[in-house]
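Structures are listed in the sections that come next.
Note that chain A is present in both complexes that follow, paired respectively with chain B and with chain C.
Presenting the complex of A and B:
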């Protein structure tokens, strides 16, 4: 591919057609219209238009990169053409949509959508404006490839910061409003006015956007020098002081985490609680998938077992009335918690035994089946007296900690509880990873047969992986049940398993910091952008595929896993026959 | 006795115990149900026929799983979405034909067109999947394509939801398919069921002849046997893999229409359950084995339909049909414990599983 010179025209048409296809798809899915309600920079650009901009930038730069051997003017021209061709598809869509009513088939194809796509202009000029819009951003995409790497990175970082802050502006508003210290401070008020110019509109103010962009890109530009400077300075210190420095950094981090709820306000604290529940699950699944390489698609079952144990053991709604279950000892939260963990752990072993002999794909399907069986059983009339069927269980107990519970809000209480749980689970996960057991898991992940030959006991190794992963999910489930205050079977569907799996994979299989980052990005961010939740799983699917194609090791990979994943991934166009079913590879997953 | 323990470790014994318990529970339940005499023979025959209908659809989808597994050694999780897309586009074709009156005038031609639209949609999606997502991952560790397939499945499902909305859409009534044939003994077979069973049987026959009697079919078998050797023999491996996706997609699309004709509605998540069942059917029959997939589909359909009531009703379980989907998974686990190669499969060695 690289040696063959592609014709600029053909490349532009190809890339433009793909860009147009993507643009039409996202438009008809309603993404442009829904996203358009959020301004990134007030009166300048909305998230919906930004989506289109991103498409043309990406395909413009791809065009320019494909034509890397042509002259600069040719590259820019081809990219502009690609952008214009992409936009031509949208022009076609608008014309078609205005002639024919597309709504019976595509519910999102509304007249408002056409107006957005035409930038509010009327017919003939608007088409020219649209084509020009595509061409400009296509050419800008090519421009990005021309700039040296030293500048390109900071520019992109600056833009991303503007987008992120513009998106989260109302959250910043809520946080400020909910904190008495901030709400009354005139300094904060002025800053807030400058950046967000409060009004009906949302998003950054124009001046605010420029400042954010400049600050972020300058910081990003100097980041490498700053980092290497800091590193060389710490390395120059004596070992004892380095250690003290590291410890005090960790200490500072912990203190920040401890006082965080005071600044976040109830809503954001609640969101961080949900994120931490998912972090707990993801840390557990990371042991099963990341360390031991056993793909478990029914992981939510253990979460459900933890939640139901907590519910049945602590609910006060026991009796013969409808909506009540027939049996429940009414324990306190703390008494029920160990049982929840224990039962999920036992379920982990129970599931582990029949699947001991299965590998890769079979394992995935059987665990998926297990997850569904747990949900189907919880939902069925057969177990209704014990699990409440579709009505679920209400009123599980809240945790109480002596006088402390009176001093804290309920969000604050769960925040500290979950923080303690996450801390504990991270500690356990790190110790397990670095133990003999952890090394056995990784050996099994790399090659089951070789591991067995080297004296790793497959039975106990796999069972322990399932059991410890399940116990962590059980813990998360128990706290979840108590936090949410009701347990319904449909909270435990396959999507939850896939959500957790996506966290582990995008963060980096086998990497503990990666998993934490993953749960922030894949669970925290969507929780904050609830108004776009319709597209959540669509984006998840796209991210999973894109991640596997380009960066299978995840955002924050563990070094070991990265080596494994890259050792036999060749370039796409490999002339040699492709070796697929050699015995050595069979056990590699 | 000692030799027995030497040859089989504790895990095997525990697994057999699990299997034996499940089988015993099923057997006892069946005896109790039959003794209770609640159901007439005609009811059982009805259940059997609806099981066969369901099973034919499973078998058609299972062929796609099995063929892709044969050539790529991966579960194409997104195959259930390939199935869904066919049923979905079929819905639009069917509605259009019903509204324009075309369906009333030429029911047979209309039905053919319906199948054509569904098959074309599904083939397009299947081929795009292979080209965009799977082709680059052929040499990757096996977890990677599997996760890609899960992601692709999620992507397609929610793409359809975004494009066409999340509501349940009802298929228009098909002229000529309303009503039923009455057989002696109070048994009734609906025309739809006849159509599904006959169409599925025909398609499977065509596929069987294709794989056994044509050069392209021979190439397909060679590639699923050993890709490298096939390439050395001058077979275009890439083209053969694409062909596999084309056939699997076409079958899934037509299965989508048949499924929609039975249930009369389509939604964006309709692919998940039949997809899993079809995979179970493929494993049941022996994955990688075409007649196995057909047999597995039919067996699973009947087990699910008859078995749910037969095994559970005797215990007085309220509303046993709610547990129908659970039965399929239990069957899957049982098969994997007792005969991991499936009913007909024997070629599948440890290296391939």
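Presenting the complex of A and C:
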């Protein structure tokens, strides 16, 4: 990258200063202290310290990579220096914080925080320990760049698995406790005791961490061979067997999804329900943004229309004594659901017509306004007799499925309902994508004028994108209203549109599995890691920036998008001009 | 008989008159070239024909159908396709998909059919793929259907653009500088290819071209535009010796010297 050899010292100071800045920022934001509550490995490392470790690892390895032309010892030395310099910032912060009361400006700058940063030691040994800590992990970061790729990947995977399982410890506990079959099983109990910290402590036990790390990294090491082995074996099979195998894999996956609530317990089932509602919305927005390239920032409007339709049509809290709402037909859930979808679909068309001629930024601004209009309408006095204004609507209907509803918990009921909705929406999205319609969307995304000049009807193409996206959001909204049990205008603010857009971008625009993965990562994980909730939008922003820098195509990109952004992946086109075909072939055209 | 006729077409951009009172008659099954110095209004006229611009005055008809005021997709459906001076393919779609988009005017399947993937829709999709492959073969890009359009070499992109235009089964094909940026060999191939389009596919060709060898070699009629006005029209030999044309291209005085 650098044509000029950069001085190791200067590089180390630069990288160290950035690392230190990041560390100070995260510390003063309170992330280190909040995350310190959570042990990853019991008594060894907490999430808060892990955050600092990650910073020094990253900047240590960047330093080493910048100095890739220098000797190994220089690289390691510079990375260690970078780590130490980074930690020097924190030492400075601790010293400053102990002399001056920083709390009026930085409420998180508490004595407890200094204690955490000093690893519970007292000055001045603690300062040395801190610098050493930075230097060691900076050097380890450099070490990671020295190891060949074959080993680096598995080591990183092993660490990530330890972190992830350590974080999910209490969820696993909840799951076990909520399932009678597990709670009484002695085998499960033994495993639990071996792997996880007991009592009030959390995180993995030391032995558990070692086992998880070894298993994960050994698996990751052998993964490429295992996968290619499996692939060549399936390819050796006759086509019929291959087909059966693929079908049975899908079948197995569906069965797992179907029995999942039994293992998850009510809390996790509820979390998956929220994730699925976001997945539904994101799948719809993916059609508008990912397929047709129309940037819609007011997408939450359709979600709101779906939710309000469900609310108005089904609420039973009508009449003078229940407040403001004076009208409501009190339909059942199943009667109202098609209306919710239909009305949001119609709203999609209505929004589509005026914005047909707009492109890019203009379209984004107008849709943004539309989203706000819908929310403000819901708040308005004019519609108060129907929407309840700021007091919203309560008691929308629950779905009932004959005798089944009695057998299922309410979370379970919504789980299966949402699973069916997601399945249906994925099916429709795939079919549309692979049809003439999907092609027209892509063409419009690429070059609207030329698409029209090729005979693509712009009006119907764009309206269909808006309408199908809106219908999916409407479906999500209707189920959301019923599941949450109350509808307030503030649930439908701009942030929700942005969140869904973030899912589509992080997952991979235009990629259906990407969108599902995106909603799991952006909504499932923060829901599970309660400490994150406070920093959710900070992490969102950081993740988005990091994604755009390192993986602009998204986590699970559509194959085409991958080709677009990494051009060298495709087969090399023949640069020689070809001779035009001979006259004989033309007859059939 | 004229397949395309324009009468007194005027297109202004603010104070600039890009095309003024332009009359043109393109005979059916002819190869007709429009030439002129840069900025003479040739591409502007193409944009008026294809519905990108709406002329301020005059009328344009295709087989007697009035084109002025119709949207580009309607005009394409009436039987006019075009290529662009600076290639405008759908870069991030494959070559095959580019052509399939061009076939859109002839497809009937709707959204419901697409969701349920009825037998009719599947058959139609199959047919579009076969037709697209046939067109790829025809323009000499057989086997490159799965490459992204932007990864094709320049000459192939030009040919893919023509294949995409042909997919609409046009009666009239507008080619905007089809040999721009090509070497002598490629230009010769393209010239022969354009003639085949007319002779074998029986498509009328209206062409903007700067390369005089191409223009003089294949055109039956040449129309010369300068500052938006028609200054000459006729068979190539006649145009070559027309003093006004020489003046427009080489400047005042050149014509006198040439004589």
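Throughout what follows, the second predicted complex is superposed on the first by the 557 of 589 C-alpha atoms of A that agree within 3 Å, B and C clash if a C-alpha of one lies under 4 Å from a C-alpha of the other, contacts with A are read in each partner's own complex, and residues count from 1 in each chain.
The rule is simple: a residue touches a chain if its C-beta (ideal position, glycine included) is under 8 Å from a C-beta of that chain, and two chains touch if they have at least 3 such contacts.
Small disclaimer: the values here were computed from a predicted structure and weren't measured.
Look at A:435 in the shared chain and tell me whether it touches chain B only, chain C only, both, or neither; answer first, second, both or neither.
The second partner, chain C, only.
After superposition on the shared chain, which partner residues are touched by A:364: those of chain B (first), chain C (second), both, or neither?
Once the two structures are laid over each other on A, A:364 reaches chain B alone.
Tell me which partner A:380 touches in the superposition: chain B (first), chain C (second), both or neither.
So A:380 only meets chain B here.
Using the superposition described at the top, determine whether chain B or chain C touches more residues of chain A.
B
Is A:243 contacted by the first partner chain B, the second partner chain C, both or neither?
neither
Please indicate which partner A:356 is in contact with in the superposed arrangement: first for chain B, second for chain C, both, or neither.
first
Between chain B (first) and chain C (second), which, if any, makes contact with A:464: first, second, both or neither?
A:464 contacts chain C only, not chain B.
Would you check which partner chain A:451 touches, where first means chain B only, second means chain C only, and both and neither mean what they say?
In the superposed model, A:451 contacts chain C only, not chain B.
Across the two complexes, what residues of chain A are contacted by chain B and by chain C?
In chain A, residues 564, 570, 574, 577-581, 583, 585-586, 588-589 are touched by chain B and also by chain C.
Okay, in this complex, where on chain B does chain A touch?
9-11, 14-15, 18, 69, 72-75, 92, 133, 135-148, 150-159, 161-165, 226-228, 231-232, 237, 272, 276, 279-280, 283, 317-320, 322-323, 325-326, 328-330, 332-333, 336-337, 340, 350-353
So in the complex, which bits of chain C are touching chain A?
Residues 50-52, 71-73, 76-77, 81-82, 84, 88-93, 97, 100-102, 104-105, 107, 109, 111, 114-117, 121, 124-125, 128, 134-135, 137-142, 144, 147-148, 150-153, 155-156, 159, 164, 166-168, 185-186, 189-190, 192-193, 196, 200-201.
Give every residue of chain A touching chain B within the complex, in rising order.
Of all residues in chain A, those touching chain B are 25, 28-31, 105-108, 289, 293, 295, 297, 353-354, 356-362, 364-366, 368-370, 372-373, 376-377, 379-382, 384, 459, 494, 498, 501-502, 505, 509, 534-535, 537-538, 540-545, 547-549, 552, 564-565, 568-570, 572, 574, 577-583, 585-586, 588-589.
In the complex formed with chain C, which residues of chain A make contact?
For chain A paired with chain C, touching residues are 428, 431-432, 435-437, 439-440, 442-443, 446-447, 449-458, 464, 560, 563-564, 567, 570-571, 573-581, 583, 585-589.
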